[in-house]
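Encoded as structure tokens, here's the structure I'll be asking about.
Read from first to last, the chains carry the letters A, B, C, D, E, F, G, H, I, J, K and L; within each, the first residue is number 1.
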Amino acid sequence: MKRILLINGPNLNLLGNREEEIYGTVSFDEILLNLKDTAARSGNEIDYSQSNHEGEIIDKMHEAIGNIDYIIFNPGALTHYSYSLHDAIKAIKIPTIEVHISNIYGRDKWRSKSVISPAAAGTISGFGIRGYVMALDFILKQK
Amino acid sequence: MKRILLINGPNLNLLGNREEEIYGTVSFDEILLNLKDTAARSGNEIDYSQSNHEGEIIDKMHEAIGNIDYIIFNPGALTHYSYSLHDAIKAIKIPTIEVHISNIYGRDKWRSKSVISPAAAGTISGFGIRGYVMALDFILKQK
Amino acid sequence: MKRILLINGPNLNLLGNREEEIYGTVSFDEILLNLKDTAARSGNEIDYSQSNHEGEIIDKMHEAIGNIDYIIFNPGALTHYSYSLHDAIKAIKIPTIEVHISNIYGRDKWRSKSVISPAAAGTISGFGIRGYVMALDFILKQK
Amino acid sequence: MKRILLINGPNLNLLGNREEEIYGTVSFDEILLNLKDTAARSGNEIDYSQSNHEGEIIDKMHEAIGNIDYIIFNPGALTHYSYSLHDAIKAIKIPTIEVHISNIYGRDKWRSKSVISPAAAGTISGFGIRGYVMALDFILKQK
Amino acid sequence: MKRILLINGPNLNLLGNREEEIYGTVSFDEILLNLKDTAARSGNEIDYSQSNHEGEIIDKMHEAIGNIDYIIFNPGALTHYSYSLHDAIKAIKIPTIEVHISNIYGRDKWRSKSVISPAAAGTISGFGIRGYVMALDFILKQK
Amino acid sequence: MKRILLINGPNLNLLGNREEEIYGTVSFDEILLNLKDTAARSGNEIDYSQSNHEGEIIDKMHEAIGNIDYIIFNPGALTHYSYSLHDAIKAIKIPTIEVHISNIYGRDKWRSKSVISPAAAGTISGFGIRGYVMALDFILKQK
Amino acid sequence: MKRILLINGPNLNLLGNREEEIYGTVSFDEILLNLKDTAARSGNEIDYSQSNHEGEIIDKMHEAIGNIDYIIFNPGALTHYSYSLHDAIKAIKIPTIEVHISNIYGRDKWRSKSVISPAAAGTISGFGIRGYVMALDFILKQK
Amino acid sequence: MKRILLINGPNLNLLGNREEEIYGTVSFDEILLNLKDTAARSGNEIDYSQSNHEGEIIDKMHEAIGNIDYIIFNPGALTHYSYSLHDAIKAIKIPTIEVHISNIYGRDKWRSKSVISPAAAGTISGFGIRGYVMALDFILKQK
Amino acid sequence: MKRILLINGPNLNLLGNREEEIYGTVSFDEILLNLKDTAARSGNEIDYSQSNHEGEIIDKMHEAIGNIDYIIFNPGALTHYSYSLHDAIKAIKIPTIEVHISNIYGRDKWRSKSVISPAAAGTISGFGIRGYVMALDFILKQK
Amino acid sequence: MKRILLINGPNLNLLGNREEEIYGTVSFDEILLNLKDTAARSGNEIDYSQSNHEGEIIDKMHEAIGNIDYIIFNPGALTHYSYSLHDAIKAIKIPTIEVHISNIYGRDKWRSKSVISPAAAGTISGFGIRGYVMALDFILKQK
Amino acid sequence: MKRILLINGPNLNLLGNREEEIYGTVSFDEILLNLKDTAARSGNEIDYSQSNHEGEIIDKMHEAIGNIDYIIFNPGALTHYSYSLHDAIKAIKIPTIEVHISNIYGRDKWRSKSVISPAAAGTISGFGIRGYVMALDFILKQK
Amino acid sequence: MKRILLINGPNLNLLGNREEEIYGTVSFDEILLNLKDTAARSGNEIDYSQSNHEGEIIDKMHEAIGNIDYIIFNPGALTHYSYSLHDAIKAIKIPTIEVHISNIYGRDKWRSKSVISPAAAGTISGFGIRGYVMALDFILKQK
């Protein structure tokens, strides 16, 4: 059984009614149900956590040590400056997949730089909410 | 009736006894009373919130959806790096006025860049605590 | 009695029929009447000057020495390179409020840098033509 | 039926015996068989093309107009300077998924910038050869 | 009938006896006669203006509103810093062709950047005084 | 008789059905017929070549030595990085006119820099397909 | 008696089992006991606080006003972007010693810049956990 | 006989009552009398001109052709951006000595760059109003 | 026996009649004969290849795997942007000596950066065509 | 017994009468006596050397090989450019502690970069002359 | 009596036979005689020192404390990197005039930056060997 | 007979026992014997000099005027900042070959820039101690 932690960073709780032309209109709750279902079908388990607080996300990551096998992480705008999250990912040594809903390379210039990527196992960007599914699929197919 | 949320960021609770030559000696409590009074006289209402936590400010902004018409926001030093607050302002779609007590363009170089400004409805900088009054006046005169 | 000089820099004479989506459709003449009125009601006085010539604006500022108590200044695009205006403001020692109609931090990158701001008493940016009113209000309320 | 074109850029023909610690030891032939199989099972079709010539890749992309529904594209080191490929992707208007085997954000500094990403539909980076599978999966699940 | 305004910026009145190896030895008067002739032959009209004053050029451009159909503009060294001229061109909405006698991209580094180009309809650079003829030809052939 | 070589770089074969809002809807074939006609009428000759391969363009330029008097060159996106084309133009010593259909200075930032310009005899940018005609006119009028 | 506050920033709670080759294998608890002992022997007192939340650290610093004489502060990765902590140190006016376990100047480039240092009384970097002892010694020897 | 033109740029008319700690308290009139005297004693002649208009200074320089042998030039803040003045000095071919009252290298960062220096015969900076005397002395001693 | 591949990049086929003041007047054919002779005398062998196509050079390098012991490589202007060649050299694991005829560090600024050097075994620059001989000598003396 | 070499770089011989507000008024002789005493009390030994010559410092470091166990090094302004000292420290392999009297991060911008730090065992900055004592203490407590 | 120290930095001993087109053909010995003469005539005294060693120049400056009233200093290429000389000038508190024979702002880019200027009393650049005379004149006329 | 001066800069006296993985284990004495031998066999002569003092190297270079025909120069870390050595090479007009043992382009970023190269006749980098032999061979084969 794989224990997976899905973490959404700041403002991602507004998904579905935030800048719809960029982030779409589906709320994250619906997506989450789907993801949990998919995981459950193969006997795996998804924990979900959203926070607008960098500190809470770091706490959550620390608690994951020994309890979680993979992290799927959309850091929101913390992507661009939270070196503390970079260090947290390195410190906990749990493979962490970075997901961005929009194509962060094709918007404001400051969005094209991620300080998280160098610590992440891999990055998925620009596929909309499908990015979460792709991350999950990748994890489920790992041996 | 206009519902206005006034948010002060990190260290602004120390107003009145912090680097007096830059920020003056009046405590924010006195200013706030004045602002509330002014608002009340025209049948409007000011909610106040100060936090040293970026996450709490984002939470506060989210709660404002549907309850607040305008935000007056002094982000303190978060001005210079909190892209999460930039995104929050864009996500909640409530017109937000950025206020800086000191002239941020005439001090250390890093203070001259605001990552909040591109998301703000307007910016008022360098008028001391009078900046809050100016922001309030602007709002009260909006139709 | 406060003597106030309002200076508009290059291209601001076209206000009302220049890039309407950014600068609005009200001509500056109408705004000016309003401002003069407001000032007059409290026994104060506004002098107005628009010029497309950096040199004329500097001359005007020099003439203000001894005759003017406050300057409201929208430098237009001179904002971004006229160090001579920066020096003029410093040399005349008259408190000068910088006003920008549009949010200069949210457009072309070169517009986000003002060489005037470090010399200005304060900066108001992004409130449309209301910015002039805010500057006037601030001055009228000074003791 | 979806017609998919998979393009590998310069040096990716050496996959399997090139800097094994970064790119792994599986040859691309084996991967390709798998991908074609997966596609075929759901009645879809993969065309494959590898070239060390920027010009050939552009030609290939042009030929894809009208014949191909999706492109999976690993530009190799052209990622970092081929604005011509950026333009080609935009010109042909076929959704193109950018895949990188290694985490391009965690190696030499110049590798962290992709001139392709702003034109791509989405980017997958750092998942090893599994990245191709993820891209294919994404496409197969599109309606 | 097309009404065309030809504006030459600072130092271009010295054409013919200024750094001959770069700008040639023909005086602008001779060129102008030719240009006027060409225009007249097809029933069109050229107005000429040279100024070393940024402000005068802006004034001239403003006066052109409603009276002029096209502007041919060599901004001289104002090319490299006059954002006020950039704004003037945008404000008057008259198609403006930027002409440079020398190849500005092949000299001092600071000459290779034009702040005028993004506002211009098109740019002609490096063809010597023939650049003016090319601009005129373009205009005369417009419908 | 003048022998003229017209070279179009990458993606310009798609002219007429590529990002129409930027490049227009006329195909290059129609333009070419016109240009050839114009040249022929004064007893001159145009050779045409389009390639998506930097190398082929360099080869073509080398072959031009001794056979061609002028080159009209639209380098497409190679404009922004092909120092090899810069060197080729310098090596063959045939006057080469750089043409860009769109105004390269008013789009993405990376498009505003041409590594070709310092080697070109002159640059024409932003006049649409009319830029080719202007280049030809210039050449035909040379003695 | 000197009252000393020791603050550890994000991820430093993992000391002892985080990237051992960089941070060593001793847990911070053991170190703390030692430090408290040393302080106690000379009749002084150490308060300890660790947090992954920037906001909590600022709160803690504010509470220190009037209660604490010296701060020993390892900001973790907040070192590199938390201008709010910079401002907090300046606002509370308590001498604060910045400590880094590893040599921050000899690792990733972004680690070599501290936004805390300009506000700190002094910086100790690269001496491993001994850095805390050095900071304490310095304080104990102050008159 | 040497004919010398002394030009002062923007704000230098305020010399004597502008930021006294930087520019001193002597008015320029007194200095000028002295300079004229010194020149006259050796049968030479000084023309003086001050302007806040870049354009007027350029005009003045053009008029100097054939009438003036040397120029002493303090460009004020135009020092830092007026490429038009750079070009004017090059175009008129009259040796021009750049004088700055204060040490421009030891103040704001933007003051340390002169776009005039590369065109000037020499630069004198930081000697207060004595700089003008030094420039004059240099000229008088030229053969 | 050592098998050596000598590769010349874009425009180097014009050696002998290209910018003679920089590259000299000897054609490469003569040099090649000499080099082959020198190699043959000690029982070694030189293969020669020139191409203006980045892709062909990469192909050639791939073919060298298993057949070639050393590469002497003058990348021409590809030196400055071809990360694909950088990767090719790393991928084939054949020691490659970078040769530049002119001193690339003493010409245009962009020529002073080589993206090839970090992958090369060594670099020889500025010795004219003698650089090839030096590279060959180095190889022949290797054990 | 530990043999310690204390090296002071350029201008540090003037300690005690050089910019007293930054460096204090105690002469280094007094400090040195104290340091030697402290070392002697635990049977250790300090050698002292001051030089204004980069070369002499390098020589001194080389002589230290085999004779010295630790170096305490205040490089003075060589801190900011002497890569030769960086290399010397790396070459001699003797643990070297970098000491700065003032807080180099809180003064001129160029002072905030040390080219020595990446080679140093650790850095102590901003504690005044107490920094030397801290370095010595650290060394004496090493096993 | 004024005691003046004239210091020439690296390579200035070659004056008269070093890059004559830039530095002229007069040897420094002849200039020095003249300067000493001029000083002697008004009862003053010049000490001369040339060194290619940064350290020796610093030593010389230190010895000047109490013995020298003014320094005339041409730092040669040390101008561009010797922060130690910057510090020495500040430490000795003797007014120091920086002299450059050539116009350092009009040559290689790196020559346009002086790290000495911010510490110098004033800078004279581009007047050839006459610069020394100008510096001396300035000093002799000081009261 | 050719008189050759071989100069080694700072820390190169430690060759053979300094960072062996980069610089190898052969001492420079052995290499020197070989080089002298090779030179002697063809009736030429090598002078050797190593110094850790920039000033001494400049002195040595000056003495070489008239006595030396070629210089082989490894500047050590002075490579990266000694503009004085750059000037010395230009001043003495003796062809100087720059040699680096390691590949300076493939290590720390600051090592990839040589301020010596633009003044050198040619540069050899990355061939280990063989670089000296290559430089000597080049010289011996010159006519």
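By definition in this document, contacts are C-beta pairs under 8 Å (C-beta built on N, C-alpha and C of every residue); 3 or more make two chains touch, one makes a residue touch a chain.
Note that the structure is a prediction, hence the values are computed from the model and not measured.
A turn of 120° superposes the CA atoms of chain F on those of chain K, with the angle given to the nearest 5. Two copies of one chain, chain A and chain B, touch each other, and the residues they use overlap weakly: the shared fraction of interface numbers falls below half.
When the C-beta pairs in contact are tallied for G-J and for E-H, the bigger tally goes to G-J. Averaging Cα coordinates per chain places chain I and chain L 24 Å apart. If each chain is reduced to the centroid of its CA atoms, chain C and chain G end up 47 Å from each other. If each chain is reduced to the centroid of its CA atoms, chain D and chain J end up 55 Å from each other.
Looking at chain G, residues 53-56, 81 sit in touch with two or more other chains. The list of touching chain pairs reads A-B, A-D, A-G, B-C, B-G, C-E, C-H, D-F, D-I, E-F, E-H, F-I, G-J, H-K, I-L, J-K, J-L, K-L. Against chain A, the residues of chain B that register as touching in their complex are 53-56, 58-59, 62, 81-84, 86-88, 90-92, 115.
Of all residues in chain F, those touching chain E in their complex are 103, 105-106, 112, 114, 117-127, 130-131, 133-134, 137-138, 141. Those residues of chain J that touch chain K in the complex are listed here as 9-11, 13-14, 18-19, 51-56, 76-78, 80-81, 110.
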